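Quick one: the structure is below, and I'll ask about it shortly.
Should a chain be cited, it is by its letter among A, B, C, D and E, assigned in written order, with residues numbered from 1 in that chain.
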Amino acid sequence: MSEPLLTLTGAATSYGQSQVLWDIDMAVPAGGAVALIGRNGVGKTTLLKTIIGAQRLTAGRMTFQGRDVSALGPHQRARAGIGYVPQGRHIFPHLTVRENLETGLSALAGRGGGAMKAGVPDHIFDLFPKLAQIINRKGGVLSGGEQQQLAIGRALAGQPSLLLLDEPTEGIQPSVVQQIEDALRRIRADLGVTVLIVEQYLDFAWSFADSYRVMQRGRIIRAGSTREETAAEVAHLVNI
Amino acid sequence: MGEWPLIAGQIFNGFSVASLYVLAALGLALSFGLMRVINMAHGEMLMLGGYLAYLTLQVVPGPLGILAAMPVAFLGAAAVGAVLETTLIKRLSARPLDTLLATWGVSLILQQAARNIFGAIGVDVRAPQWLNHAYTVQSGLLEGLTIPATRLFILAVAFAVMGALSLLLARTRIGLLVRAVNQDRGMAAAAGINVRAVDLSVFCLGTGIAGLAGVVLALLGPVTPNVGQSYVVPAFLVVVLGGLGSLKGTAIASLIVGLFSALVQILVDVSLAQVLLLLFVIGFIQFRPQGVVAVRSRALDA
Amino acid sequence: WAADTVKVGVLQSLTGTMAISEVTVKNAEILAIEEINASGGVLGKKIEPVVEDGASDPAIFAQKATKLVQDGGVVTVFGGWTSASRKAMLPVFQKLKSLLWYPVQFEGNECSPNIMYSGAQPNQQILPALTWAVEKGYKSYFLIGSDYVFPRTANLILKKHIDADKLKVAGEEYVPLGGTDFSAVIAKVQAAKPDIIFSTLNGDSNVSFFKQMAAAGLPSAKLPVMSFSIGEQEAVAMGPSLVEGSYAAWNYFQSLDGAANKKFVAAYQAKFGAGAAVTDPMVHGYVDVYAWKAAVEKAGSFDPEKVRAAAVALDYLDTAMGKVKFAANQSLVQTGYIGQLDPTGQFKIIWQSKGTIDPDPYDPLVFPGKKCPAS
Amino acid sequence: MDMSMRKETPLSGGLAGVTLGRPMALTLPVVVLAALAPWLVSAYELNLLARFLAMALLAMGLVLVWGQGGVLSLGQGVFFGLGGYAIAMHMKLAALADGDLPDFMVWSGLDALPWWWVPFKSPLVAILGVVLVPGALAALFSWAVFRRRVGGVYFALITQALALAFATLLISQQPSTGGFNGLTDFQTVMGLELGTPAAAHGLYWLTLALVVGVFVALRALMASRYGLLLRAIRDGENRIRFLGYDPTPFKVVAFTIGAVLAGLAGALFTLHAGVVSPALVGVVPSIEMVIWVAVGGRNSLAGAIAGTLAVNLAKDGVSSAFPDLWLYALGLVFVLVVTLLPGGLAGLVADAGATGWGKRLKTLIIGEAK
Amino acid sequence: MSAQATASHIGTTAPASNLLLAMDGVTVDFDGFKALNGFSLTLDRGTLRVLIGPNGAGKSTLCDTIIGRVRATSGRVIFKDQDITHLPEHEIVRRGICRKFQTPGVLPGLSVVDNLMIAAKRDRRWWSSFRHGVAAEEKARVADILETIGLADRAAAPAGQLAHGEKQWLEIGMVVATRADLLLLDEPTAGMGPAETSQTATLIRRLVGQHTVLVIDHDMSFLEQLDARVTVMHQGQFLKEGSVAAIRADADVAAVYLGRAKENTHHV
């Protein structure tokens, strides 16, 4: 594989006085999909927040597309091409579905072209037809599944090259879970987006990602390939 | 002249007072509604507008001075707003009660600065001749009703500002970004929105409007270091009545307050009218606690 | 050094809403003290002024008065502006047996042995204005005031006298202190069509009032206004052109003739700037210091009790405001003037009372039978 | 003084969120020293101290209302004023012969005592009034607003309007309130001749005793379940509702206690100052009251007392000598305390206590920390 | 995990009739959109019921309506034979209903243990909060729950600092601590891993009997472990009811909810 899209070297962060991440080394290859797994509270969300820039690095550095982005703020990283689907979805409650999607266009700022003017790309509605049906409803009143689709759609509106997904199937009905999983596969395949996904359920993680990282107490304790190891071999690390 | 012209006159005065409140309260509603910032120094932005009008009139005397003063005051107050935002407000984001206290301190400082710069006794800003006349109904039921041109002018300015602002917020992406930032800052940033820039522009817009309002208020009132204080409490009452930062709500609430006090004043004096207004607001809350215009949400702590 | 000095208190609001006015009085009082010091002091001692801030709050006035007299060792205090501040200080001076010199016109109804009232009593400012208006032939009066003690009492007195003169009170309206909205009041004025407005509006409200009157097509040229709180300083601040032609009643105008006034204005402007306006309360504050000096010298003592007795026994003093002296009721015998504002912010004196007017704290028409114990 | 804390189970972190004042060991000497003040300072300084201690009662009330309850009141001046007027009305009437009217009523043209003045002839009614009138108004007002779930900033702004309306009303109803002048010139209270050293000392000790008593009582209250729930409501009012609690009475009680303390403070202040007037009740004084607490620390009772004393002493010292400077300083204090020192002086002390030298200093003064 | 201890402390009164809750033709209309549409449901005392349905079917709205956060446009909610449709929220809770929210609703500024103490307090009227001391029984229960939810070592930490999953546990603990007769658990396992999920299932099964429990979740394997009667909602209306196995086999349910026939287990 060529130059990695994202690298973290010796990354650490903390909430106030309490350190949460230690010495994270990670490289996400362009076009790849990495699954981040681990028990509750080990720091998975925090790691994603650190990558998008919502948490500051207290040590180490981060590069994206070969550029050191450690000092950039979240909106600059979003504009550089990192899309973020947070845990808990964080839909703008008083904006309509369309407006929520349009906020995602902000990440296109400075990337030239008429993309921003052109509006929300159609392929988002191909991926999530439901969004087209509820396009004028307020984000705050949507059900959990609707919000999750919207959150992914919003991230895609910024045409990211790296998509960060934090437990995207949490609280989603089974048939929609399948839709979302299918959509994510298409996002990888058709749009060529690199994905870093936090996922508690290993069989989806294994069927979707090429490699995995196991986190424990704020550190990455194991990295490997989902093609060379089975989920069962790794499961004991997660279920302690 | 009988009862009718008096009542009709008071209805007009209600609108006129409402237009003053709209102008004084719009900036507040913006920064409160969109940024959760209670700007107690808002009154001093009005004051600043008055002083900038004074300075402009020194440079551009004559009939059009007042028109020239409006953009000057807008920009001047917006610039002060920018300084305030970058040095103070941004440290207090999402702590509305603390912004209230801190900006009160700012208001004390600005008042004292005005005293030291312009003197304690205020300066002279006059309506130009083309505004200094009144239309009087000469016959009919409303005979004797007088409509001052200045007040008509202020009504027009209030409408223009409201219109421009709602267009700006509804028709451009700015409105969208502003609302997104207000609802979830962290997510807005992660979606690629430059939240600092949005904050700054909203706050400057709010103070700028206050500056412009200050010019207009100077046509009917004094320009002194503490002039802002006399407008800021009623303006806040309008914001409370209007509902969370809704422009429409602010306009309607201004009208309610304006008409209420104008009509009540037919019967009681102004001091009592003020007390009745407060009772009215508390009464209003009893059946419409969200204010005139409500925003519904499912969030647990909405 | 201390043996050669005597301390006096100067207690005015240096902060808060009243500071605008009171600072100028403080300046005048300090000017008088400096002049006296320059010419040898009092009873061979230099006067050392102790300045305190009343902060526009009566409770602070009382606090600072106590501080000055009890801890600061001053022999007398010059100060106060609002009646509220005077009323709050009164018990302090009575308890501590000291003496306050109060320089501002007020509503009367008070005489304390521990206060020298040099500002006008109602019969020395309000009633002369009425006398003038009656002479001019005005029949219908509209009374407008800020909603507090002085306007309410002044209008109470005015109403009785207007009634007694068989003239008409066309209306009476009050706005809160600092109020800026006169739309309703003006509507009522327009409905009532009076000949003249008597205004006891205070401070910034005047600006709003005149601007909104002009906007409604009623400039002073059309409907005359007689004000009791607009002096030279306020006129300049409001823009003289706005109030040009309106009237004011005082016991002093900067434009008054006389060598003493020329000298005072020159001295004040030399110290505080060529354009500085000089007003009635300032002169009263200034005169108070000189009257105290004269009384001390007459008594040969700084003891407040002796000074008080000497002060009311003084003969006429020749001052910037003409001949004045303290009556037995401790208020000042002085002349009433009516001025009309010219475009420069000065008043043209158009009328003056026939000789000096004896102060009358209790209007006989309104408060029959009430008298100061001292007189 | 911290008995109530010791009784707390180790399970309940009942005091979490309360910045503790100095412990007992330091409090006692301070109280003793304060009690000896009549012999240590001049009569004027004692009067000053007495006033500021009276104000500290109000400040402690704000700790409960604002610090613990998260309810910012910009209308404390109203309750302060009500307490002050209640006692002042009594003193006015007590100084009169039967059938006479207070002077201002006479020259405002009143010929009979307004009905609501009459009960205040009785000293008992006056004392009850000091507590009950502000308490009742606060309870009614806050209940009307809180029950409709209007809170936070809205509540603060409505209380500010309340302060404006109350001051305006007081001033405009001159014949029965004394208007802008307020009420002054008191002679005796409950048979005590005001102005004598005995009265001054007695009133000072009364104030001090109340400050100590309220300090102890509020501290126990904050450590109780009630205090915990109040803080919980501050954190998430709706969540509390879905745990089966009605937040309204909790907030109403806090606000009412705050108002009662403000009323007490106003009454004592009036006794010490010899005057009560609208200048003490409006928008500006009300917000200044908040700054005392902000400076001291909004979650600390001791901080509130310290903040009140500090701000008012500074005002007494600075404003006369440098009037312009004072306003800049006051403004700057607002800005700096809120932005850089949200915990106020108390927070600063606590921080210092947490770091090395501070800890050493603390052990030096109060012995080993528990 | 020691859920027995917890369960043994949860006392309820002897049932008068077996019916605990009845929703009777409840409709909730949001400006024309009917989130619940004439929905009826009954729950017997001491039973466990699972509610599933597509996203947006109205499950959370149903809980909202029972607890008083959303008001029924028409229809009634009967609890213990009394109409609670229009009672204030806290009144409803005091009658014995408690709910876990879909997004965890803990009190962020309070410590974990204080969160639980508040939930555990028996007498929730304001004046009783002045009473001194904490009942030994409440204390013991909180200690137990703290163990059960695995947060004993974080007891003093502010709840706002917990990770998402930890907050879920805390909120479950709070709901249990109230000893309400009816517990509404809206997606209790969202954000939990497989191990925690089965722990939750065990806990819930232990609660049944003492409590009536309504569980909403999308995780079929979790529902399988619960092994309870399942009600399926669709578009605000009742769709099906039956055992887990029956529901899984149902074609209608597959069409609107489960999707492409095969079940959804990500389980290891």
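Following the convention adopted for this analysis, a residue touches a chain if its C-beta (ideal position, glycine included) is under 8 Å from a C-beta of that chain, and two chains touch if they have at least 3 such contacts.
A quick map from chain label to UniProt name: A, E = Urea transport system ATP-binding protein; B, D = Urea transport system permease protein.
Note that the coordinates shown come from a computational prediction; the quantities given were computed from them, not determined experimentally.
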Farthest chain (mean CA position) relative to subunit E: C
Comparison of A-B and B-D by number of C-beta pairs in contact, larger one: B-D
Longest centre-to-centre distance from subunit A, chain (CA-based): C
Chain centre separation in whole Å, for subunit D relative to subunit B (CA means): 33
Averaged-CA centre spacing for the pair subunit E and subunit D, given as whole angstrom: 44
Separation of mean Cα positions, subunit D and subunit A [Å, integer]: 52
Length of the line joining the C-alpha centres of subunit B and subunit E, rounded to whole Å: 48
Subunit D residues counted as touching two or more neighbouring chains: 168, 171-172, 236, 238-239, 327
Where subunit C touches two or more other chains at once, by residue number: 19, 147, 174, 176
Residue numbers of subunit A (touch at least two other chains): 141
Contact set on subunit D toward subunit B in their complex: 72, 141, 144-145, 148-150, 152-154, 156-158, 160-162, 164-165, 168-169, 171-172, 236-239, 283, 287, 290-291, 294, 324, 327-328, 330-335, 338-339, 342
Residues on subunit D engaged by subunit C in the complex (per definition of touch): 42-45, 47-48, 51, 103-104, 106-109, 168, 171-172, 174, 179-182, 184-186, 195, 269, 273-277, 279-280, 285, 315-316, 319-320, 323, 326-327
Residues of subunit A defined as touching subunit B within the complex: 52-54, 73-75, 78-79, 84, 86, 90, 92-95, 99, 102-109, 138, 140-141, 154-155, 158
Complex interface listing, subunit B residues touching subunit A: 173, 176-177, 179-180, 183-184, 186-195, 295-299, 302
For the subunit C and subunit D complex, residues of the former touching the latter: 14-15, 19, 51-53, 55-59, 62-64, 66-67, 70-71, 82-84, 87-88, 90-92, 95, 107, 109-110, 147-149, 152-153, 156, 174, 176-177, 366-367
